[in-house]
Amino acid sequence: MKKSALELKDVTKVFQKGRETVRAVDTVNLLVEEGELVTFLGPSGCGKTTTLRMVAGFELPSGGQITIQGEDMTNTPVNKRGIGFVFQNYALFPHMSVFNNVAYGLKSRGEKDDAIRPKVIKALLLVGLQNTENRYPSQLSGGEQQRVALARVIVMEPKLLLMDEPLSNLDAKLRLHMRTEIRKLQKKLGITCLYVTHDQSEALTMADRIVVMNKGKVEQIGTPFEIYSNPQSLFVADFIGQANIVKLEVTAIDDETLTASVPGGKTYAAKALKPDKYQKTEVIYHVGNNAALVVRPESIQVEQQSSDPSSFPAQVISSIFVGSHIEYELRLKNNTEIKASVPYLSGMKIFEEGSEVYALFDSSNSAFLPA
Amino acid sequence: MKKSALELKDVTKVFQKGRETVRAVDTVNLLVEEGELVTFLGPSGCGKTTTLRMVAGFELPSGGQITIQGEDMTNTPVNKRGIGFVFQNYALFPHMSVFNNVAYGLKSRGEKDDAIRPKVIKALLLVGLQNTENRYPSQLSGGEQQRVALARVIVMEPKLLLMDEPLSNLDAKLRLHMRTEIRKLQKKLGITCLYVTHDQSEALTMADRIVVMNKGKVEQIGTPFEIYSNPQSLFVADFIGQANIVKLEVTAIDDETLTASVPGGKTYAAKALKPDKYQKTEVIYHVGNNAALVVRPESIQVEQQSSDPSSFPAQVISSIFVGSHIEYELRLKNNTEIKASVPYLSGMKIFEEGSEVYALFDSSNSAFLPA
Amino acid sequence: MHGTMKRKSLSKTDPALFFALVTVWLSFAVFIFLPLIRLLLTTFIVDGALSFTNMKKVLGTGYNIRALYGSLILATAVSLSGTFLGYLFALAVTRTNLPKILKTLLGAVTILPLISPPFTSSISLTLALGPNGMLLKAFGIGDFSIYGFLGTWISETLTYFPVAFMVITAILNTMSATLDDAALCLGASRWRMFRTITIPLSLPGIGNSVLLLFGASLADFATPLILGGHTFPVLPTEAYLLITGMFDLRGGATLSFLLLVPALLVFFLQRMLLGNKSFVSVTGKNGARTEFARLPSALTAFIAVICSFLVVFILYLYAIILWGSFVKVWSVNNSFTLDHYLYVFKHGQKAISDTLLIAILSTVIGSVLAVVIGYVAQRKQFVGKRFFEFSSMLNYALPGTVVGIAYIIAFNQRPILLTGTLSILVAAYVFRYYATGIRSVIASLEQIDPALEEASLSLGASSIRTFTHVTIPLIIPAVLAGMRYLFIHCMTAISATIFLVSVRWTLLTTRILESMTELQFSQASAFSMVLIVIVFIADAIMLYLMKLSTSKFHKSQEISYEKVGA
Amino acid sequence: AGVEEAKPKVGGTLNVYSIMPEKYATKIFEEFTKETGIKVNFVRLSSGEALARIIAEKANPQVDALWGGPADTYEAGVLEGVFDVYVPSEAAKVPTQFKSAKGYWTGIGVIPLTFMSNAKYLKEKGLNPPTSWNDLLDPAYKNSLQMADARTSGTATERIYSLVKVMGEDEAFAYQKKLHQNIQLYTKGGAGGAMPVATGQAASGVFYIVDALDIQQQGYDLVISYPKEGVTYGVEASGIIKGAKNLEAAKALMDWASTKRLGEVMVANLINYIPTRPDVTVTNPALDMSKVKLLEAEVAWKGENRTRLVERWIAEVIQQ
């Protein structure tokens, strides 16, 4: 069995400012295994950075306990924790050249100059910053600075690596490249990693597990697949991959499947999810009440005519062509607006604003959640 | 005819630092019409920020000329140019509360307190930051700070708005929301807008035109559609939407179509592009030489068997399931690695590592460029 | 259309800068160059012809060469030791978790030596450490001579380390704490963090403090005069002696001009070492608000020991003065009396009110000038910038006596007839002691990201508004440090003003000097105590006003969402 | 009383640099104002500073008269052309050695040099108060004499004049070189060493009688003694600045200063100068010069030799 590298128990952080109180992090529980990469996803201001800062020891939790490698860390100084931290605002040393910024940690560790140079150069190469080692941070572009911040930490090969949006200022190509490089390195060295990102595809592709936070609380923890296909709350469903949420009246309940009436159509059946937070015995769906149907834009087909009884008649509000796809905004008969993302195949018909169409939901990729 | 809001003529910026010279911006030419939104795309460090800074007047060009609203701007002080600038690193005033940060410009303009208050609140609401007016920047999360920076400029309703990655630290949902809000506002007020982003979908959806930069030079200027479907260089093709580039030997040249031999297959024909930089009469393709076939991952189908003579036999290197799609890495017979992104339909077969497959390129979505 | 190329003129692109430059250059011309040139002419024009015989004469004597070396050694030693002590005190105040009240006390004790005119502290220093000194007796130390290099060095260090303290405190306060976090997180020990982050980032403060102390020590003639003895000559003292003792103004001026060489050297050395590095740690992209990391415990202990020792020593010296001001006859008749204070209030009233008026005027004018000059020199690009910066320091680096005489020569004739007026005193103070303000403003600005000012400009704020609403609030600690220093110096300085006080305007320090000359140690002590009290009150008021103005700036805005219909 | 009748009140104001300590000058000018109605504004400066200022202000004099200070300062000023000739009404009654031959300045007081020692110090070391210049060479005084610096202080130059008069110039410098071994500090002002001697930091020093008496009268345990070989004395002078803006008032001051009245005021206020008018009765026995060997040193001689002697002192004594 793998050792637990990090454990958060009821960790809470309250900021006090005059009369105002901000509950930035609220009873967060998390267990990270050694070598695992856990990404934090959540809206801006939901407490991701604060959580990371507490793990690093920059911030003292207002409550709860943080255990690293089985040890209570409360008394361990920051510099003895063997942690790497990529700051959201970089925190590069302005008075040091790029080289010295990256070499800083190695020097602190007492490594020899001979040993340091190749490591630094390698790290800079990894982030695509050859030939800048003599520049100062103020002479770098935003993305270059961010890469130096990354290189500075990567070169240390820390046991526990905390990264706060480390790739946010990089272009898509470079970001993709860095993603794989980070992942490779992390796997090779068995680094445990907490990774904050706003890029969902980054979270989904890189993570062993994803923590979805909202307003200081953890909404769901799970593998990318679980999170994506089995959201435990409407928030997660909505936040991750932009699901459409359609409230429908329940007409029948059957073991794991739920049937609801389609406005302007017949009925629609899909599996009914039961989030962990509900008791096993609790009844959460009721015939005659609403349930929320969650369906991803990619799981919707848009057709001119449809004989499928469970298809949703709709009107096109807008259609945008984005290269590989057509993004539709549709209005269902019950006035719910939904989005559909249809892969564009050449010669395909693009429906115009105002057209009356049918939306076909892929029932194997849609599910009900309590409304 | 619309008035030109901004014109860059041979604008160049050279940074000198000791012996080192950095050509950050190299003879850039650009004409922006009033009310147009132009996005800048390009790899990290390609000169986007520097270009914007020169337009704003923070930096003096080493060469060339910048004209705003038909006037040479050299003699106009920054504060008289009526521009708004969203800084890549926010540049919030650390000693002022959020409210005062946002109110700053209005106050400078001499507006009355009564008039300022509702405007500020409206702007904060727009960026989703109600109830933070009394906080200081250091008490905000990264994304919150970025939104303050945005609100601070939006509230001014400037004639020319320069935004340097204004949404980079926001979550996908909020970013989408902000995109539309910015676009709405910009259209409503007829604001001319230069917009730097690393998010290609942002660039493609928001922009009237896109400027693709590389190493200080402009690679291509065009509408999103032009840029995406008609890249003028391999760099653009590769950079935008991640095209696959396959070098093939030309077997026949015909007016606008080019035929090349497929390794392990037969031949493949697609239209041959002629970038603007070449003279009309110049011959750029030669039978027997290589040409570069550009094809987007979404325009590739992966099949177990194919009778299509122009299909490319390949081997699967990796396959990743990313929710709505399957991302394949394939190796062609000539060892070129390509990526294919296949929409996932439920029940679809996912090929495993090592499988021998056929890649079908959509010929209407692929084209040749000079190698 | 004109065929000529459009030339951008500063008056158009940046009218505020243009105006500021013109004003400042004009003031330099009148209050720095004019007196200096007049003095140069007096010195080197003999009978209408250029002559360097003076130069040859004063440089011909080995004693003056020794004095040059003495000056250099002393200035170097004082600038290093003073900066070192100032740094330790600044660390104590900004990086330790001492109770706030203790920090305030520390700050107050620290400015004591600055407040008293050099001779009072020198006297109590000799009473303590001089021949048969009380402290020496108490510790049974016999053969120790305070006269010479050692005494001068100790006394000047004591007098000037508060300057270092003020400049460096301002820097340490504005530094970004996230960088501490980053360093620790990269595995640096607290020592290493201190060595590689804290110290280098405070280099602008250290550099400017060294520059200031070097200049101050270079120009100080009073301390060596009392404590230097004949074994340790220094240039300003020799110059003073030449002028006032040998009535040789030319010789004295020549010696003083010699002082400009090392001053210039240090100025450019400092520029060279700090010039092209970036120390920007205050940016518009804020890390989380975080505390500065603690210092290594050994260092904290060291700081505690040194600071307590110094504080006790300073308090002891001033206790002597305090005691002296309350006894009938010092060490003869030690009965308590208020006579000396009565005397001070009876005969010193005019001096007190004159001094206060002059100090307040000078502080206001000087601070404004210092901030403008510091800002322009650090932030703006224009032709002759280095020369501009150095010019502003000229009066500071020259011995006060020389400046005083130059002022008399320059301003005793039409068209600028100022001798005997308030203005000449104010001008002398302003252009001499605003240097601290300039240097600490420059040091502070080096930490602040220019993007903040760009942001303000791009939001339509004029460069003046940017200056007052963004720049000033960000560098307020530095401005405050400069103001306090200026005020204190206006209250206490003597060297230049000895030539500028007139029958109409008299100063507290000249009264103290007079009491000393009249062998009225107790009266001098009483005057000194009154001076100290006044400075403390003024200092408190200044701090309070500053808090008031910044808190008004920071006043939170109450907002009702309902009203806007949100 | 006859004086007052002879000189009617003039009125107006007078601006003065005073080298005489402020506490003395205040009292004297108060009396002067009372008798003449002329208001006196003054600043006290050391002799060197005063002269430097007067020279620097030559083009536009800020004061009308210089008050007090050694006569050789005046002689130096005469060379710079900053003084005006004025022979006060009763100048004839002032002995010639106490006034400028050409009328640039008039003496207002005489002050001989004296030794002043700390009584406690002498007792601890078992020493007698010095009564000869050579007594000061005693190694018992090693590093414990404070004396004025010749470059700034009239007291110090006076000391050199005395020594030259006593033993001849070369001998005098040989003596001073030896004396230098015992010197703890050369002070800037003539009285600079008085306080250290009074508080026991230093053992002894050479001072003008006026300073010695002043500190002794404060109650310090000090012994004043004279060398048997003799001492010279300084003449405190007064003079009018060339270009004085209140010439009449300045003349009135000079006139008043040459009368007996000034001497009486000084005696009455314990201002320890020996008045230049021989007809003033001195009450303080310490100012009774009958047992002291006073050596004559003409002011003109002093003026001519001052710079040379000081430079020699710097070269041979200080820099040895």
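Going in written order, the chains are labelled A, B, C and D, and every chain counts its residues from 1.
Going forward, a contact is a pair of C-beta atoms (placed from the backbone, for glycine too) under 8 Å apart; a residue touches a chain by one contact, two chains touch by 3 or more.
The chain lineup, named per UniProt: A, B = Polyamine-transporting ATPase; C = ABC-type transporter, integral membrane subunit.
All figures in this text were calculated on a predicted structure; none of them were measured in a lab.
**Q** So which one's got more C-beta contacts, A-C or C-D?
**A** Pair with more contacting C-beta pairs, A-C versus C-D: C-D.
**Q** Based only on mean CA positions, could you tell me how far subunit A sits from subunit D in angstrom?
**A** Spacing between the chain centres: roughly 92 Å.
**Q** For subunit A and subunit C, what's the span in angstrom between their mean Cα positions?
**A** 55
**Q** State, to the nearest whole Å, the distance from the C-alpha centre of subunit C to the C-alpha centre of subunit D.
**A** Comparing mean C-alpha positions, subunit D is 37 Å from subunit C.
**Q** Which residue numbers or ranges of subunit A touch two or more of the other chains?
**A** Within subunit A, residues 49-50, 88-89 contact more than one other chain.
**Q** At which residue positions does subunit D touch at least two other chains?
**A** Residues: none.
**Q** Among the residues of subunit C, which ones contact at least 2 other chains?
**A** 283, 285-288, in rising order.
**Q** Report the complete set of touching chain pairs.
**A** A-B, A-C, B-C, C-D
**Q** Residues of subunit B touching subunit A in their complex?
**A** Touch list, subunit B to subunit A: 15, 17, 20, 22, 41-45, 48-50, 88-89, 134-135, 139-144, 146-147, 164-165, 168-176, 198-201, 204-205, 225, 228-229, 238-239, 241-242, 296-299, 320-325, 341, 343-347, 362, 364-365.
**Q** Spell out the part of subunit D that touches subunit C in their complex, as residue ranges.
**A** Spelled out, the residues of subunit D in touch with subunit C are 15-16, 21-23, 41-49, 51-53, 55-57, 59-60, 62-63, 76, 80, 143-144, 149-153, 183-189, 191, 194-196, 198-202, 211, 214-215, 218-221, 307, 310, 314-315, 318-319.
**Q** Taking the touch rule as given, give the residues of subunit B at its contact with subunit C in the complex, in rising order.
**A** Within the complex, subunit B contacts subunit C at residues 56, 58, 72, 74-79, 82-85, 87, 89-97, 99-100, 103-105, 108-109, 117-118, 121-122, 125, 130-131, 133-134, 136-140, 142, 145, 149, 152-153, 156.
**Q** How about subunit C: which of its residues touch subunit B in the complex?
**A** Where subunit C meets subunit B, its residues are 6, 8, 12-15, 282-289, 449, 451-452, 454-463, 465-466, 469-470, 473-474, 550, 553-554, 556-557, 559, 561, 563-564, 566.
**Q** Which residues of subunit C touch subunit D in their complex?
**A** 61-63, 123, 126-127, 130-133, 145, 147, 225-226, 229-230, 241-247, 249, 329-333, 405, 408-409, 412-413, 417, 419-420, 498-499, 501-504, 506, 510, 514, 517-521
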